[in-house]
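Before anything else, here is the set of structures, which you'll find just below.
One chain, chain A, links the two complexes that follow: it is found with chain B in the first and with chain C in the second.
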Partner chain A sequence: MTVRPERLFVAFSWLAAGLVAVSVGVLVAYLLMRGWPVLSSALLFGDTPWLAAVLGSEPVFDGIYPAVAGTFILIACSSVIAIPFGICCGIYLAEYAQGRLKAIFSFMVDLLSGMPSIVMGLFGFALILLMRRTLFGHANTSLMLSSACIALLILPYLIRMTQVALESLPDKARLLGLSLGYTRWQNILHVKLPAASTAIFSGIVLSIGRAAEDTAVIMLTGVVANAGIPRALSDKFEALPFTIFYLTAEHRNDTELQTAFGCALVLLFITGTLFFVSYFIRKNLQRSWGQGE
Partner chain B sequence: MTAQETAISVRALSVGFSGRTILDDVSMDVPRNSITMIIGPSGSGKTTLLRSVNRLNEEFAGCSTAGSVKMSFSGTAVDIYRDLTPNELRRRVGMVFQSPNVFPFSIQKNLLAPLRLVHSIGRKERHQRMERVLREVELWEEVCDRLGDNAVTLSGGQQQRLCLARALALSPEVLLLDEPTASLDVRSAGKIEELLTKLKERYTILAVSHSIRQVKLIADRVVILSGGAIARTLEHRDFQNPGLLEELVEEIF
Partner chain C sequence: MTMEQWIERALFACALFCSLCVTAVFGFLVYFSWPLFLDAQGLAAVFSWVWKPFMGSFGILPMVAGTFGLAVLALGIAYPLAIGVACFTHGLAPARIRNAALSLVYFMTSIPTVIYGFVSVFILVPFFRDHFERGTGFCLMTSAITLAVLIVPTIVISLRAEMGQKSEEVRLAARSLGMTPAQELLWVLLPCSGRGLVIAAVLGFGRAVGDTLVALMVAGNAPVVPRSLLDSIRTLTAHIALVVATDSQDRSYHSIFAAGLMLFLIMAGLTMVIRGLAMRIGKGKERHDSAA
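Presenting the complex of A and B:
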């Protein structure tokens, strides 16, 4: 009677998969139920006319627009820092690093990717304290600091995606440029990177999603409620995940809690869109290296 | 034809990967302006032998090479492992892979990009060379009005001819072909075979083949590999005897 355990196992697997699907379904349905009614331009802009708000000519008091804008600005700043470093580091690990050095660097990247985001936030916070006590008396938590810490948080994703994309190219792609007499650098730049670009790009999109949703890092490094839209890198800023947190934690009435749900839907929409963009890139643009293999 | 002049001379060549011997003490000569074909059972080291001539084996981890490969470029013999860097060597030795290996770019860029990167020649000459080599591999008529199309949209046979054209564009002296017709239908294979017979007038060709029919049809010399060593070397006149090559293959494989 070997059939029985197998059947039990299959049934449990079905149940497990079903439970996941149901959980996600319930979660999204509940978010929609609570958040949908408040989704309107008033949620974003309050009483301020939207054009004036977007152009920055009038401040937004009751809407979450500054948090949306803050999230996008944070994403942009941290990407500018993390993407070049991440990709170059990935190229180094895949193409140049060897032996012991490669093992050490890989271990460091693993360590960084395993670091909890609150630790990263604490590190940023401690850095500012140190700076204030030493050379920079006026240093303060800010958009710049948050961006740098978020960059550190997403760096391992970018490094690994680039490294794996380059290392998993088929031999025929790897050898082609070399067989034509390309130098190692020409082969990386003109053959391997273009061939790996879809995977690298979808890695970038996913890491942007990670940057958009993190709360722990920014809480300790520069985000505040009602900061408005930042005008400089040294300004404080607002961000969607933090807005959700403080609206929920400190709500005085049901309307504020409703707003938090609306906010959550907007954030879910942004990260969901990024996820689908990444999925689309992988599915549709990855026709790259011939059919013959 | 100066068939006896040697273009490539391999002496006591042994190649291993991570301690596993693939080629063991191989010595052979490849005559200039002729087609030399390597045949042998799978795992006998055919591709490794071919790749030792453009030092592509070194791109795999744990590769160790002993012995010498000398090549004569414009009359001067050079030891390709001692006197040249892999890049200098590969710029003079063209290679075509087993399955068509085009860049997933336009047909035009497949030819122009290597010319720009490897020889850094001017735009006008690049375009002239592109047309010349496409005519040489009889592909020009088929693609001249769609040079901007992605090369992967070409048929397998066309792609393989494009690969051949790309190698020729860089003006090599030696062509290495790794079972160039293995993934093609009979018609496309026939076309490539016809081309190779023409091309040997100007290039020295060393090819791995999987087909006795092909060897009999176009090879001037055949090297039979078995277990990483050369089992037999036959000249054109030898293997034209009906049944001889088949018998040998039966015995060795």
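Presenting the complex of A and C:
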């Protein structure tokens, strides 16, 4: 009896799924195994008392607290720039743009979302070079520049999420306001945006995850290995992904290597949490509109 | 002017600003690599096969070869796997496992690239160092395997979007012919999703070309053309990161902007290919959301 191709095909698909699951399983298990024992308050704060470190009254030298704080500050700054912009662009694309203009804008968004993050970093770097040559001789890479470049990086996700959320609303939500005499904008503001808000929010959470994990952009725009907590937007800063990268390449002893594993686990925990938050929002959303598969 | 019009204008301004940013990225890359295009010698120096900045050779072609070699290899590993996983989650697996597998695929998109690279440095690299006579383990093969794991979810999600749409058209016909789910997938759905298969491959390829951290951490970064799978390579993306971090010579700066420009053009080209294909199918939007 010959083996039927479908049989092989099914076996192959199980094999592929198994391989992928095993590789992710190994990755997470390995990080947990090496990183879990390292997790402690000493990993975060070193010898500094934690309250003094959090309040900023004493600097932290041996801990990863500055990197964790730097990552959160970076997320906050880039979100402040990107979220309003992204949502506005999304609304424009979904509700106002038409014809050629819509095609051009949406091509630009596609282009932006396909851009490698290192190119975005290079853009920030070039911006500083240009500023130095012209008006601002003292311009340097900084938290502000990194935030702006990261904001540009996550912008396309926010735009698309908003646009899709608005465009995929059921007709009843679309027509309700208009039939009651709302103007176009009133309808968007009071009916459509609230109806789409859950989906938009899940998009926001997802793009925050991107901001937290990206390394290539900040490498070129102001992250350093030792900076402490940034006090101003023009300061250099530390961030978790860069600390991981830096320690992998440059660890001088076993303690630093342990720190790298701790960092990796903390970062995975942060992005994992963001992912699950967004995932569950999305799941509830499908139930509420009855749009599930 | 009414409030409504002001709001529309403000929103338009946002969209315009966003487009201007993209143009600005392109403009900066062109502006800073422009000196190279002015004299033929500079251009020839950048498009050469030797990178020895201290001896005046600024060729980035080895990095182009590295980028394409790595991306093709990673796609070669990831693509069959991704097709397998996409079919697995689209009807071949029992419902429970299917949902678990889907969640896993989405979870993979949230794992930071730097962590893929990090774990690979401590698991895959020592393995290759110990089991092959040659090299340090930081090579084309290890980085391709790592990158393959990274791009699998991109391809799977894109493929599933296409298969989901096509499946509604063909399911009844296939079922009424008495096909099993496996037969339906293999003989009807996959052959029907030709363009979707291409789009998914292009997306995965783009993701592989654009990635920096895996190549930077795992590939070894030797600026030479790879001759075997165990050779160390350097990609365009890693090249930019390395030169900005270490070099300060003016000429090498020009060359990294040329590298950046090349990456920009590659990605723009891929984006156009995808749009072209998606437009012919009609509904390209959902599919493209899974980009990058």
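Keep in mind that, in the parts below, the second predicted complex is superposed on the first by the 280 of 293 C-alpha atoms of A that agree within 3 Å, B and C clash if a C-alpha of one lies under 4 Å from a C-alpha of the other, contacts with A are read in each partner's own complex, and residues count from 1 in each chain.
Criterion: a residue touches a chain if its C-beta (ideal position, glycine included) is under 8 Å from a C-beta of that chain, and two chains touch if they have at least 3 such contacts.
Keep in mind that this is a model prediction, so the values were computed, not measured.
**Q** By the touch definition at the top of the document, which applies to A:Arg174: first (chain B), second (chain C), both, or neither?
**A** Once the two structures are laid over each other on A, A:Arg174 reaches chain B alone.
**Q** With the two complexes superposed on chain A, say which partner A:Leu267 touches: chain B (first), chain C (second), both, or neither.
**A** A:Leu267 sits against chain C, while chain B stays out of touch.
**Q** Looking at the overlay, what does A:Thr183 touch: chain B (first), chain C (second), both, or neither?
**A** Both: A:Thr183 reaches chain B and chain C.
**Q** Have a look at where A:Leu15 lands relative to chain B and chain C in the superposition and call it first, second, both or neither.
**A** In the superposition, A:Leu15 contacts chain C only.
**Q** Let me test your reading of the model: by the given contact rule, A:Gly137 touches which partner, first (chain B), second (chain C), both or neither?
**A** neither
**Q** Decide which partner touches more residues of chain A, taking chain B and chain C as the two options.
**A** If we count touched residues of chain A for both partners, the winner is C.
**Q** By the touch definition at the top of the document, which applies to A:Gly99: first (chain B), second (chain C), both, or neither?
**A** Touch partners of A:Gly99: none, neither chain B nor chain C.
**Q** Pick out the shared contact residues on chain A: the ones touching chain B in one complex and chain C in the other.
**A** Residues 183, 293 of chain A touch both chain B and chain C.
**Q** Give every residue of chain C touching chain A within the complex, in rising order.
**A** Those in contact with chain A are residues 3-4, 7-8, 10-12, 14-15, 17-19, 21-22, 24-25, 28-29, 31-32, 80-85, 87-89, 92-93, 101, 103-119, 121-123, 149, 152, 164, 180, 182-183, 185-186, 206, 209-213, 216-217, 237, 240-241, 244-245, 253, 256-257, 260, 263-264, 267-268, 270-271, 274-275, 285-286, 288-289, 291-292.
**Q** Going by the contact rule at the top, pick out the chain B residues touching chain A in the complex.
**A** Against chain A, chain B makes touches at 54, 56, 59, 86-88, 90-91, 94-95, 97, 99-105, 113-114, 117-118, 152, 156, 159, 166-167, 170, 183.
**Q** Across the complex, what residues on chain A touch chain C?
**A** My answer: residues 5-7, 9-10, 12-17, 19-21, 23-24, 26-27, 30-31, 34, 85, 88-89, 91-93, 96-97, 104-105, 107-123, 125-127, 129-130, 152, 155, 159-161, 164, 167, 183-185, 209, 212-213, 215-216, 219-220, 241, 244-245, 248-249, 260, 264, 267-268, 271-272, 274-275, 279, 293.
**Q** Would you mind writing out the residues of chain A in touch with chain B in their complex?
**A** 172-176, 178-183, 186, 190-191, 194-195, 287-293
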